[in-house]
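Once you scroll down, you'll see the structures, which are given as structure tokens.
Next come two complexes built around chain A: one with chain B, the other with chain C.
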Partner chain A sequence: MLDSAAIEDFILDQKKYEENIPYESFLPENVKFKTYEAKLSEVYKDGKRADGRTRDESRKMYIKLGALVEARGSCYLEIGDTKVLCGVSGPREIPYLQGYTELGSVDCVVESNPASPSDKAYSDALKRALEPSFCRHEFPNLEISVSVMILDASGSALAAAITAASLALAHARLPIFDILTSVTVGLHGDLLFIDPTDKEEALCMSYEKNSASQNHGLITLSYMSTADQITHYYQNGEMDLQLLLDTMDIGISRCKDIYALCQQRLMDEVKISMKTVTDTQNVEDSMKNLSTS
Partner chain B sequence: MINFCVPGTRLCLAGDTHIPGTGTYERKGYIYSSLAGIVKITEKEKVFVVEVQTDKGQNIVPNPGDVVTAEVSVITQRYARCAIKCIRDTPLEKPLRALINREEVQATNKDQIEIHKSFRPGDIILARVLPIKELQSYQLTTAENELGVAIAYSDADAQMVPISWTEMQCPVTYNKEYRKVARVLPESDKVDKEK
Partner chain C sequence: MVRLSPEEKIYIIHGVEDNIREDGRSQTQYRPIEVETGIIPSAMGSARVKLGNTDVIACVKADTFTPTWNKPDEGKLQLHVDLSATASPWFEGRRGEQTSEEITTILNKAYESIKLESFCIVPQVKCWLVDVDISVLSCDGNMYDAIGFAVKAALATTMVPKIVASEEDEGEKELQITDDPFDTWTPNVSNIPCLVTLSKVGDSVMVDATNKEEQCSSFTCILAVTETGKILSTFKVGPGSVQPVTFSKLILEASSIGRSLHSELLSALKKENGLRKREIHGFLN
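== the complex of A and B ==
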């Protein structure tokens, strides 16, 4: 059996030992303090990003229309590791509506895993982005519901959600003025990151006192290409006016690139789904030609 | 020749000869597509109507003047509440709420109308949409000979037979019940009338 003096000695030893270890070593790996240079070099080094892209290069994109069977229209979209799934249903009646509404409403719900930011903010942003592109005047007193599930939020999740929702609307054959495309641009000091990953987003959102300039933040733009209109603009952080204009120009040009891709995918989908209609029409046309000749 | 389009595709110039139809919209003198599908151009009275045809979802909404099929759900002293199931020939995915006011049940003797002598919950009715846009639900009227109760079931679960324009009879129990009966035209008559 140990005597009390030995136990006290042991506790004192233990305390001394613990005091000598820096507090930081008890922290998990990702919360540890790092110098600014270390943080920056983790995401951007020698003109290349962590995944080998240059700063104005965006990640690879994958679009699948009609991924959900139950929904009227659906779209699964991947940008790099970011994965979102969107379903559209409706039009249906607005529950507990007071009075007559001339324009239909768009009900948006963005669900995500616990790692991504607040759902309410994303839902509102998605609603604001979609409403100008949707032909609301064709659905008085009715609403359509758009639900987005963010399966993997590794950066630019809102931009992915907006693009996916617009494609899902087009797939549901609901009238929209134009396909909406969206892009996120991250800004840190003098560095512009197009389509940032989650680590780059974290860097852009942090403000370092000793860095060269105060410019930092994230911009999410959604843009209708044929109408040449920005439907939604979402900014965090602060930046110079001139830099802001440059950033927007870059964002818009990137939106146009995505638009061409979306258009192509949608056209492929339409050609497959309308096959029965087009086949019957082809037969009718050839019959007509026969009878005239 | 088949032309496919996606939302935002510029289709043609809008003007006196070409007008936008369903699935299209006009902006800055051009007709644009708002749906993904096939472009259809039909000639109507020397004017070309540009439309976009799709494979699913007609996006149909009751417009004033449309004949709809509805099921009566609740009746009160002042109105009958019903659910629109079908607009013209197109069935709806989800029913829409609608209201028939006491004054709109029949065209004559408007002050003597009693709702419980015109409809019962569960009746299938034909009605016309009214152009009133103040209330939250659609307003319907049955004040025409062709409009009113089309299908009704008695307490014995038998489909009742109309015997006059205010009464229906059960073929099992021979009970007579009051209804605002619709003079449903047979399909062949309808076609003749249209011609």
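== the complex of A and C ==
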């Protein structure tokens, strides 16, 4: 370990090269520079990931519809440790609109918890993903606003945000062509991680200089299962052509799995609301019977 | 921007489907591309690209920075886009700023995963920070491809005074700028991708859409393709969706187009470099 004198020397040494010194600079050497093997084994070891999953296994998902009282439709979604809250409101008139727009617009805002900063580009990506699934032609001159709060970004945050937003739209009883499901696939060398955590994402965005396969990167895609349409696609990294196409197929099949889950959850919600309606009707009927008799 | 009537749109869509576009091009044909480098004398490297009526200028300035501890030998490449109000009244004022910001974020994302080990001077001490300022002077569709060309051409012709590290006493390295004006550093551009924009119109796919054709397209995506045909980044712009089958066709096409674009651009730059005395044309056509 370093003693205080050594640290002071180190600071003086670093001052020569000005600029801010990240606190990691003061860590002991063995913590600072991990070998590639150590980094890899931290995430993936003996066919198992850090949380015990195999590579093609998604994390457990939890969906709660109607999590917000004030919003027209809302959804709280958890994928592993990633937690996302989404609310939908509107339609309302587009403010400061000049002229006439045939298609309504979807206004998306993605915020994130300051403790887990997320990407600036998420709002735009969410808008691009939702636009094709929403029946915009039914809302000329109007906009609906979708706001997403990423409470905890532990990997696949954008995918979680897209799925949650689409479920919130469905819960708000707004017309959509199809429920949108989204998945993130990470790639590192020959390893393919479905639904990566944040550590796996970091690994997928780095590459090993000396290894044979330089393929690495992340793919987020959103898909409408019944309509068979990709509504958003974002890939970053470096990938061979064939690999890119194969990964797309895997992502789509995973989207279909999530779709079935979302459908079931929405059916449950409908059943519950139907039950409340019939219950109130029964009460009303019995009240009427009482008053007549 | 000219708004099109439904009839005009149908005319354009049918034209693309029959492989004869409004200006006589086929689906996979680009408009004539003009590239001129070194048009701004005060910049370390610059290029102007004209793609039909789309006009883009890229300027390079290089600086040094101390790399972070976890990436000790990686330089940085930063892009900044400025949409000039001369391109379209739409780009004036606050709205233009917002659009520029959006495009800047998209571009920086697309260029994020380039390997920049060649931008390193001394590992852990100094690396190059290369800023590329792009201004769009006129926009008639396919702005991203023109920007991709301009960035690559400007970087390929950048000349920066070389910095050498000399071994001093106590094992500390001292950095010195050479006195010789001909001893320069030029970035290695073999990793820099070209951007290929593909639009789906009707049932067919086309490259290099003009403004009018962009209005008729139902899906647009941009791919960053390297010289070897690998894909660095893919992203969708604008509203619209696509079937997976069409999308994979689109990716295959983009890769082959990207490779041929690279070879064309490199041979053009080589040819220009070979000219002994070259007059800079600039805006005098």
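A few remarks follow.
Just so we're on the same page, the second predicted complex is superposed on the first by the 239 of 293 C-alpha atoms of A that agree within 3 Å, B and C clash if a C-alpha of one lies under 4 Å from a C-alpha of the other, contacts with A are read in each partner's own complex, and residues count from 1 in each chain.
Note that in this section a contact is a pair of C-beta atoms (placed from the backbone, for glycine too) under 8 Å apart; a residue touches a chain by one contact, two chains touch by 3 or more.
Every value quoted in this text rests on a predicted model; they were computed, and no experiment measured them.
Contacts of A:Ile176 after superposition on the shared chain: chain B is touched, whereas chain C is not. Judged by the touch definition given at the top, the superposed model places A:Gly217 against chain C, while chain B stays out of reach. When the two complexes are overlaid on their common chain A, residue A:Arg128 makes contact with chain C while staying clear of chain B. Touch criterion not met for A:Asp51: it reaches neither chain B nor chain C. When the two complexes are overlaid on their common chain A, residue A:Asp279 makes contact with neither chain B nor chain C. When the two complexes are overlaid on their common chain A, residue A:Tyr234 makes contact with chain C while staying clear of chain B. The contact surfaces that chain B and chain C form on chain A in the two complexes overlap at residues 224, 227. The touching residues of chain A, when paired with chain B in their complex, are 72, 91-93, 97-100, 135, 138-142, 170-179, 224-227, 263, 266-267, 269-271, 273-274, 276-278, 281-282.
By the touch criterion stated above, chain A contacts chain C in their complex at residues 17-19, 22, 24-25, 32, 120-121, 124, 128, 131-133, 205, 207, 209, 217, 223-224, 227-241, 244-245, 248-249, 252. Of all residues in chain C, those touching chain A in their complex are 65-66, 68-70, 102, 105-106, 109, 112-113, 115, 117, 125-126, 221, 226, 229-244, 247-248, 251-252, 255. Interface of chain B with chain A (complex): residues 2, 4, 6-10, 23, 25, 27, 32, 34-38, 53-57, 59, 61, 94, 96-97, 133-136, 138.
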